[in-house]
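Next come two complexes, and both contain chain A; in the first it sits with chain B, in the second with chain C.
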Partner chain A sequence: MDTASEVAKRAERADVRSRWLLSAPALLVIFFAAVGPLFVMLAYSFMVKGDYGDVKPGEFSLDGWFSVFFQRDIFDDTVGLADAHLSIFWRSVKLSLITTMLALAFGFPTAYFIATRPARTREVWVFLITIPFWTNLLIRTFAMQEVIRNEGILNTLMMWLGLIDQPIQLMYTDAAILFGMVYVYLPLMVLPLYASMEKLDFNLVEAGYDLYATRLRVLWRIIIPLVRPGVIAGSILVFIPSLGAYVIPRVLGGGKNMMLGNLIELQFGAGRNWPLGAAISITLMAIVMLALLVYVRNEARSGAQNV
Partner chain B sequence: MRGKLKAATAALALVAFAGAAHADGELNIYNWGDYTSPEMIKKFEQTHNVKVTITDYDSNDTALAKVRAGGHGFDIVVPSANYVPIWVKEDLLLEARPDQMENFKNVDPRWVDVPWDPGRHYTVPWQWGYTGTAVNSKVYSGDINTSALFLDPPAELVGKINVAPEMNDVLFATIKYFGGNWCTDDKELLKKVRDKLVEAKTKWLAMDYSVTEKLPAGDYSGVYYWNGAIMRSRLANPDIKIGYPKEGYPLFMDSVAILKDAKNVENAKLFMNFIMDPENAAMLSAFAKYANGIKGSENFMPEEMKTAPELVIPAEFEKAGEFLESCSPEVLSLYSRIWTDVQK
Partner chain C sequence: MPDQPGRNAIEVRDVSKIFGSGDARFAALDRVSVAIRENEFFTLLGPSGCGKTTLLRLIAGFDFPSEGEIFLYGEDIAPLPPYRRPVNTVFQSYALFPHMTVAQNIGFGLEMLGKPKNEIKARVELMLKLVRMEALANRRTSQISGGQQQRVALARALAPQPKVLLLDEPLSALDYKLRKEMQIELKRLQNETGITFIFVTHDQEEALTMSDRIAVMSAGKILQIGSPRDIYDRPAERFVADFIGESNFLPATMVSKQDDHATVRLTSGAEISASLPQNASPAGDVTVVVRPEHAQFAAAANGAPLAGTIENVVYLGTDTHFHLKLDTGEPFIVRRQNARGHADHREAGSRVGILIPADAAQVLRD
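For the complex of A and B:
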C-alpha cells in the first residue's frame, strides 16, 4: 500500500515536471516578448523625458502619469483635468462600444444563419468568413477608402440610382472609422458566436414554439441566454482591438481626430514625450483589463446559475 | 515532369546566383516616402554595381527615434534642415566631409554655408521646397497668397481643406499669421494660435498625406501642403493653383547624411558624390517635383519644370519664406501641447 501511493506520487511529480518542460518554450516567449517589454514601459512611464525623444534613464519623475489625466494650463499655470486626453479616451471608448454593438447586430444573424445550415455546408460558410483575414489590414483599409470616398463606389452607385444628387461626405468622419472597424472586426464577432450556436440544442427552440412562444420570445428567452458566452467572447474580441485601433482612424478618419493609438504614436514621435506615451499605453491596458474582469465575473456568475 | 522540375530549379538557382554575383555591395537608404527617383537609383546601381534598398519614413521624428534605437542597418538618412543639428548633436552622423568630394563644386553657393551645416561637413543637398497653399480654381477664385485660406477659410472651401499633418509647418504659419516669430514663447500670442487652430480645424476635412491623388480628384479643394506634391497635382488637374502665404511660409531643405554606424560607408560616399552631379540631381527633381541645390541641373530638367510656378517663387513673395530652426525643448513642449489640443 505504501509503495503504491509512492509510485503514484512519483508518477504525478514526473507528470508535473514534464508539463512544465513542455510549456517552458511558450512561457519563455510570453515572458520575454510580452511581460518583459511591459516592465520596460512601466519603468519608462516613471522617468524624465529626453530632450529629443527617449528618456533619461534613472531619473525618476511622475510627470508622465500626471499629464495623462491632468495638465498645467499652458497659459495661466492652473492645474486642471487633461481635457484633450480625456476627450480622446472618451472618443475611443465610445467608438469601440458602438463598433461592438454594430458588429453584434450584424454578426448575430450571420452566425445564426451559418449554424442553421446543414452540417456539410456550414464549413464552407465559416471558411468564407475567414477569407478577409488573408489580406493585410492596411490593404483592406485602403480598399474601404475606395468604397466610401466621394468618387468611390458607394457614392457613385447611390448617385446613379438617383438616391442622392451629390456625394455624401463619408471619408474623414467618425462614421467612416466606424464603418471600417465594423468591417474589419466583424469576423471576430461571428466566429465565437457561431461556436456557441453550433452547440445550441435546437430541440429547445422547437419546444418553445410548441409551448406557443412567439419568435421574439424564443430568441430572447431561449437562444440568447444559451449563446451568451459567445456574445460576450465576441464582444470582448471586437472591443479590445477597436480600442487600440491605429491604422483605421489614421486612414479613414483623416488624422484630424485622434484615437488612443494615434495619441500614443504622437507622444513617441513628434511629441517627444515617451514617459507620457508609456503611461497612456498602460492606461489603455488597464481599460482592457477592466473589460476582461467584468467578463470573467459575469462568466463566474452565470456558471454559478447553471449549477 | 521530374526533368522539367530539375531544369526549373537549376534556372532559378542560376538567376539567384547571378543576382548575388551582380552587385559588389549594398547601400541602405532611409528616406521620406515617395521622394526618391527610381530611375536615378537604377542608374546608381548600374554605375557602381551596388544594390540599393530604400526604406520609407513619414516624419523626422520617426526617423530619429528609429535610428537612435539602434540595429536599423541603414547607411544614409535624409533629415530636414531643422533636424540636422539634432542628429549631429546626438552623435548619429558621420563627418563625411562632402565638401572635399569631387562633385561638390556643383553645389549652388546659396546652399553651402547653411546654418544647419556650415560649410557642409556632414550633408549634401537633396531637395528643397516650401509649404504653400493651393486651391482648385474652379471652386475658389479669390486671393490665394495667404494663410487665411486655411485659418479663416472662405465659405467655398469650408469642409474641403486638407492641411499637412506636420506640427512645425502648421504652427509656423499660424504664429506668422498673428505676427509672431518662430520659436516664440509669448503665451498671449500662442493662446491666439491655439484658439485659431482649434476653431479652424472644424472647417477642415482632413490632415492627411494623400494630396497627390485627392487634390486633383476633387476630394480636396484647398490644401496647405508641400509644393512638389502640389505641382504633381496640377499636372494631373490644370485647375490647381499654388499660392505663397504672404504672412510667412516655411522653407525646407532635406539633406543627405551618412550614419555613424553605417556598414557601407564607401558606397554611401559614392552616393553623396553621385547626387551632386547635375544630371543625377535633375532626375531627383524630375521625379519628386522639388528643386535641388545643384547648379546646372536645370539643363537636364524637363521643360515643364523650368517655368513651373510651384518651383519659381515670385520675387515679391520670396522674403516671406523662412527656414525653421529647431526650438528649445521648453518651447517645443509648449508647441506639442498646443498640437495635442488641436488634434483632440
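For the complex of A and C:
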C-alpha cells in the first residue's frame, strides 16, 4: 500500500523529470547555438595561429590578444599601439553612435506619426515599415549603391534640379556607410518606438496642453519620458548590429573605410590569423556589453531622480 | 433673459461641431448657445453621444468649433490653443502623469506658466491641503487609490487658478459611496475657490445634487436650461422628463390658458390645472407629465379625476411604488413615502382613484 506522502513524492519526481524533458530543446539550442560557439571563440583566441588559417590545437598563446591592441615593429622589434586596429575600433563606435542618433531622429517622428493614425491605418504603416526585411541585405545595399554613386539617382536628380554642378562623391566615404546603416537599421528603431508610443495614453498629451505646456514642452516633458523604454530598446537594437556591420561598410565604404566586422572577416580570411579574429570578436562583444552597462546605469540614476 | 457677454464666464454662441465629411457627416453639436455665469456650478447633462463632452472639449480647446464663437469673459477664445486658455480640465481618466509624483503633477501647470519655484512650492502645498492629500505628496500616482487620484487631478487643475474649471465625468470611475463623498467635496471646493465649474455627467442624481444650473442635452442640442428644481419639476420636453427621474405621461387636450397656467382635459374626461412651458404656446392635443411622487391617492375611486387598478406594488425601503393601469389604458405610477404610522397599505388588484394637485402637472412643449 502506498501512503499519501509516497504518492506525492513520486508525483513530484515525475514532475521534475517532465519539466527537464520539456525544457531540454530550449536548453540544447541555447547551448549549441549561443553559449557553445562563444566558448569556441574564447578558446581560439588563446591558441597559436595555423600557417594556412585555422589554429594549432592545444598550443596556448597570448599573441592573438596582444595583437588586438599592440604591434611589434618589423625592424627593431619595439612594441607600439596597434594604431590601425584602434582607429577601426574608434571609427566603428563613432559611426554606430551617429547611426543610432540619426535613426532616433528619423524614427521618432515616424513612430509618432504611425501611433497617432486611426487603428486600422496603423497596421498598414507598420506593415510598410517591415517590407524592406523581405529583401536580402546584400541586395538592398547594392540598391543603395545605385542611389548614391556619382552617376546614381541622387546625384543625377540634384544636378537636374540645378542644386549642384558636379556629382558629390558619396561612395566609399563614411557618409555612404552612415546612409546605408541608417536606412537598413531604421525599422529596428521605429518598431520598438512605435510599440511604446502605441501604449501612450494621449489623454496625457491633452492634459499637458491643458496645463499650459506648448507642443515642444509636451514632447520633452511628457511624451519622451513616457516612451523612454522604446527609445532605449530601439537604440540598443540599432547600435549593436551597426557596431558589427559587415556588408554595408564593405559595399558602400570600399576597402579603405573598414569597420570591426570587416576587420574580423579579414583575420579569418586573407589575414589567416584566427586567434586575432577571435580576440577582436570578443572585444567587440565587450564594447557592446560596456555600452549597455553604461546605458543601464544612466537609466537607473535618472530613474532614481524621478522618484 | 439676455445676459451681457462680459458678465458671463463662458458664453457659447451658435456653436456647431461637425465630424467626418460627405455621407459620414455627423453633427456632434448643432447650433448650441449657452451662457454660463461667473462662480456658477453648471452641469451639462445627457446620455452618451449627446454632445456634452464635445462641448467641453471645445471650451478646453482640444477641438475647434466648425461654426460659432466661444467667449471667456467677453474674449473670443475659439481660435486659441488649449495652452493659451486660462481654463483647466479634470479628465474622466484623471490623466495624471505617471512619471511624476503627486506634488510634481500638481505643480506642472504652474511650472509651465513660468512661476518662481518658491511660489510653486507654496501653491502646491496649499492645493495638497485643500484636497487633503498632504501625506502623499511624494508618492507616485500609481501608488495611490482611485479616489486619491481623483483628488490629485482636481488639485492639479485648480493649482494654476483657472477662470473656469472643466470636469469631464470625473466621478464615473468611483464606487457609489466614494462618489457620494466626492459630490459633496466638489461642491465644497467650488464654494471655497469661487471658480466657475462646468461639469459633464450622464448621472441625473449627480447633476441634481451639485448644480446651480443644469443644461439637458440630447443629439447635439440643448433642450432645457434651468435650476435642478426647474428641470425636475418643470420639464419642458418629453426627453427631459424621461431622462431625469420617473414620469407619468398622459395625453390631454388644451381647454383654456391664462399666463403660465392652463386647464387641460384628460382622456378620462377630467379637467385639471397644469403649468405651461416657457417660450412655447402648445395648443390642441398635448402631453401632460406628472411625477409619481406628486400624484395622490383619492379617498375613493369614484369621482376622482383618474381611476385605475393596482397591478404591482414595489417596496423600495424609503418609498413604495404602485404600478397602476388606468381605466383609459395608460400605465401610471404613484410613489408614496413609507413614513411611520401612516403607510399606504394598498394591495395589488384593488381599484384606486388618483388626485393630481394643482401645479403637479406640466404641459410639454412638443
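Observations on the model:
Basically, the second predicted complex is superposed on the first by the 270 of 307 C-alpha atoms of A that agree within 3 Å, B and C clash if a C-alpha of one lies under 4 Å from a C-alpha of the other, contacts with A are read in each partner's own complex, and residues count from 1 in each chain.
By our rule, a residue touches a chain if its C-beta (ideal position, glycine included) is under 8 Å from a C-beta of that chain, and two chains touch if they have at least 3 such contacts.
For clarity, every value in this text was computed on a predicted model and none was experimentally measured.
Once the two complexes are laid over each other on the shared chain, residue contacts for A:A84 go to chain B alone; chain C is not touched. Looking at the shared chain after the overlay, A:F60 reaches neither chain B nor chain C. Looking at the shared chain after the overlay, A:Y209 reaches chain C, while chain B stays out of its contact range.
In the superposition on chain A, A:D201 makes contact with chain C only, not with chain B. In the superposed model, B is the one of chain B and chain C that contacts more residues of chain A. Touched by chain B in one complex and by chain C in the other is not one residue of chain A.
Contact residues of chain A toward chain B in the complex are 51-54, 71, 74-75, 83-85, 87-88, 149-151, 169, 171-172, 254-258, 262-263, 266, 268-273. The residues of chain C lying in touch with chain A in their complex are 60-62, 81-83, 87-89, 91, 93, 95-101, 108-109, 112-113, 140, 156-157, 160. Chain B contributes residues 59, 61-62, 64-65, 68, 86, 90, 159, 162, 165, 167, 187-188, 190-191, 194, 201, 204-208, 214, 217-219, 329, 332-334, 336-341, 343-344 to its touches with chain A in the complex.
Interface of chain A with chain C (complex): residues 201, 203-204, 206-214, 217, 221-222, 225-226, 306-307.
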